[in-house]
Amino acid sequence: MDDYTVGVLTNIGLISFIALSAYLLIIAGEMSFGQQGFFGVGAYTAGVATAMYGIPLPVAAGLAMGAGAAAAFLVGLPTLRLRGLYFAMATLAAAEMLRILFELLHFQRDIDGEPVGPDGTQGFRGIRWVFENGVEPAGYLALVWGMLAAVIVLFLLVERSRLGATLRMLGEDPELARMLGVHVERFKLGVAAVAGALAALGGALYAHHNTYIEPRNFDIMLGVHSLAYALIGGLGTVFGPLLGVLVDIGVLEGSRVFQGYRMIVFGGLVAILLIFRPRGLLDERVVNWLKRRFA
Amino acid sequence: MAKAAFCLVLALLSFPAFAQRLQGELDCKPTKTDFIYDCKVKLSRNGQPLSGAQVTVGADMPSMPMAHNVKPVKAKAGKAPGEYEAMLDLEMLGEWAVKLRLAGPVKDQLILLYEFDEKGARPVRRGDKPPRK
Amino acid sequence: MIPDLLQNSFDGLAIGSAYALLAVGFTLVFGVLRRVNLSYGPAIMVGCYAATWVSLAFHSNIFFLLGITVLGSVIAGAYVEKLCFAPHRQGSAIAAMVASFALWMQFEEAVTLVMPKHLYDFPPMFEGGPLAVGPLLLRAEALVMLASAIAICAALQFLLGRTRFGLAVRAVIDAPVAAQLAGIDVPRVLLLVFLLASAIGGLAGWLIAATYTQVTPMLGMWSTLKGLLAMMIGGLGSLRGAVVGGVALGLVEAHSQWFLGPQARDLIAYLLLFVLLAWRPRWMTIQSAS
């Protein structure tokens, strides 16, 4: 497998983290335009940990997840009572505020005579843990997909459990959930924190794959795209968002033919697809049909 | 398992080398085809030109990362020591983060920010200009 | 200090007028169709780029370019409506929104294909510099922006309050099924409202392009963001709220930028929205478009 394919597959894995993060929130009934903020928090936290303090990547990733969860909690708490477009705009505002804070963050340490660390809009370069530890691109790909696989397994387990049913009920009819004794607010905060941690993990892995991050990486485009992947791929199963990512990046790569027209073709296909499949490709109906066919 | 240990030993042995930072410069000229640039890469470490590295040149756009997958090209050794040449096919003009990946005896990755327009490529030193419009 | 405050307020009112127009466009679509159009800004951008192209080719009069901008925005808007909103009229709001996102991507790529440079000059509304009135610098463009916002708002009040079309629109908002039964062609009304919103957006786009004399591909996302921000700050769903939100946003931005710099400007605007959403959701409930 050549370097290029490895790179593309790694990117698919990385974006899947934030797509799954958006998906989790949608299932629980909230549409967030702001998961890219937590992706950024994870990236910066992990980068600072490894590049400035020599902390090994696994620990740094854990720190990143904690930071992502904390940030998501802080955003989720004041926005608990918000629904629909209000919630979406609040998360958008929060993510943009995080991004601007990254633009204002100048925090560097001298490592061997060179300043290392986030430097505002100049970005944060030199996150070279993978190089300093001899990790090959193929090895990193395995790491990213290994973690993603673990996350997918967790999702599948949750979807079959009572927790998953509660989650979906929360999304479709929170009043009913409340009457059945579910502590709706606490649950939502928990989901928000988990989604934040998930996005942050993706961000941490992204930072080390790219070795360079800057605030612009975490702008609205990333957030809207990740939401779109979840919605296009379908909300019936955890494989929906993954399918969404695959379709976009797959079309991106497979269409050298459409050089320069890729977005036009893809955008048109998506709009037309949504006319026929408004809940995405793998929506609940399809998933139920598949389950009955193959169960 | 043995391979991993070997890599680790290699990495540890070469660790002092990584303490010095890799530096690079890009000099790109537009070609007759739109969005294809003829680029010369100058690599140095500790002020000394770095020859003999296997350089692969890729690019990504800072906003919307991972979306414009420019196919990475292997650079050929150029005339002067530390110089490499590659044809870069971008999909549009604007600011690109050019990714120089080194394989072979020296493994590292360098990211250079350049603004590509009809005349060539200029390094970007971002001031705190508002990213408005 | 006082002259600074006055100058900032004046500048803030001017850009706030443009924001108000953007917010009004969003509100029309949200209030009547109950949908969020993520392609709103990009459609405006298409209009501005069409005008830029015409300007580069024919060096037209700036007010002729206004017509081109509006026309371009309306045509782009019609395309969006047909592909994203008409098919989901009785269906999923989210699907419509995601479809509008897909078209946003289309517009951005189309624009950079036809005009690939990162920045194009747009002819100014007026040659010559600002007028110095005491310690203040008053630009004629600012006055045009303010006047446009006031005129459009007055026109909309009239349209919605005193014409048959306005009656049909209000009927569609309050009771869509009854309106259909009463013989109102609901899909046509929705389309016309959408086109009206696009036209207003086109005007806003032209005002901004001719004042800042430049267009970039970022204009699409920027307009959408500002429109959404202003609409939500002012309270979702009412035209009056859209105007108040737009002006408030403009003023907050102008003062923040002057005293604290451009990052603080954006930070404070988002913080304002976040705080308003988190702590005052009651007066932001949906009101009928009034």
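Letters A, B and C name the chains as they come in the text, with residue numbers starting at 1 for each one.
Basically, a residue touches a chain if its C-beta (ideal position, glycine included) is under 8 Å from a C-beta of that chain, and two chains touch if they have at least 3 such contacts.
The structure presented is a predicted model; accordingly, all values stated were derived computationally and were not measured.
Q: Taking each chain's centre as the mean of its C-alpha atoms, which one lies nearest the mean of all protein C-alpha atoms here?
A: So the chain sitting closest to the middle is A.
Q: Could you see whether A-B or B-C has the larger number of C-beta contact pairs?
A: Looking at A-B and B-C side by side, A-B shows more C-beta contacts.
Q: Quick one: report the Å distance separating chain A from chain C, using the average Cα coordinate of each chain.
A: Comparing mean C-alpha positions, chain C is 30 Å from chain A.
Q: Cα centroid separation between chain A and chain B, in whole Å?
A: Distance between chain centres: 27 Å.
Q: Could you grab the centroid distance between chain B and chain C? Build each centroid from C-alpha atoms only and quote it in angstrom.
A: 41
Q: Find every residue in chain B that makes contact with two or more other chains and list them.
A: 92, 128, 131 - these are the residues of chain B that touch more than one other chain.
Q: Going by the touch rule set out above, which residues of chain A reach two or more other chains?
A: As it turns out, chain A has residues touching two or more other chains at 103, 221, 260.
Q: What parts of chain C, by residue number, touch at least two of the other chains?
A: Residues 263, 266.
Q: Help me check something: in the complex, which residues belonging to chain A touch chain B?
A: Residue list for chain A touching chain B: 3-4, 7-8, 11, 14-15, 103, 112, 114, 120-123, 125-126, 128, 131-134, 136, 206, 210-212, 214, 216-217, 219, 221-222, 225, 249, 252-253, 259-260.
Q: Which positions of chain C touch chain A when the two form their complex?
A: 30, 36, 38, 83-84, 87-88, 91-92, 94-95, 98-99, 101-106, 108-110, 113, 221, 225, 228-229, 232, 236, 263, 266-267, 270-271, 273-274, 277-279, 281, 284
Q: Along chain C, where are the residues that touch chain B in the complex?
A: 112, 116-118, 208, 212, 214-216, 218-219, 222, 261-263, 265-266
Q: Which residues, counting only chain A, touch chain C once they are in their complex?
A: Those in contact with chain C are residues 31, 78-79, 81-82, 85-86, 89-90, 92-94, 96-97, 100-101, 103-104, 220-221, 224, 227-228, 231-232, 260-264, 266-268, 270-272, 274-275, 278-279.
Q: Using the touch definition from the top, list the residues of chain B that touch chain C in their complex.
A: Listed in rising order, the residues are 34, 92-95, 115, 117-118, 128-133.
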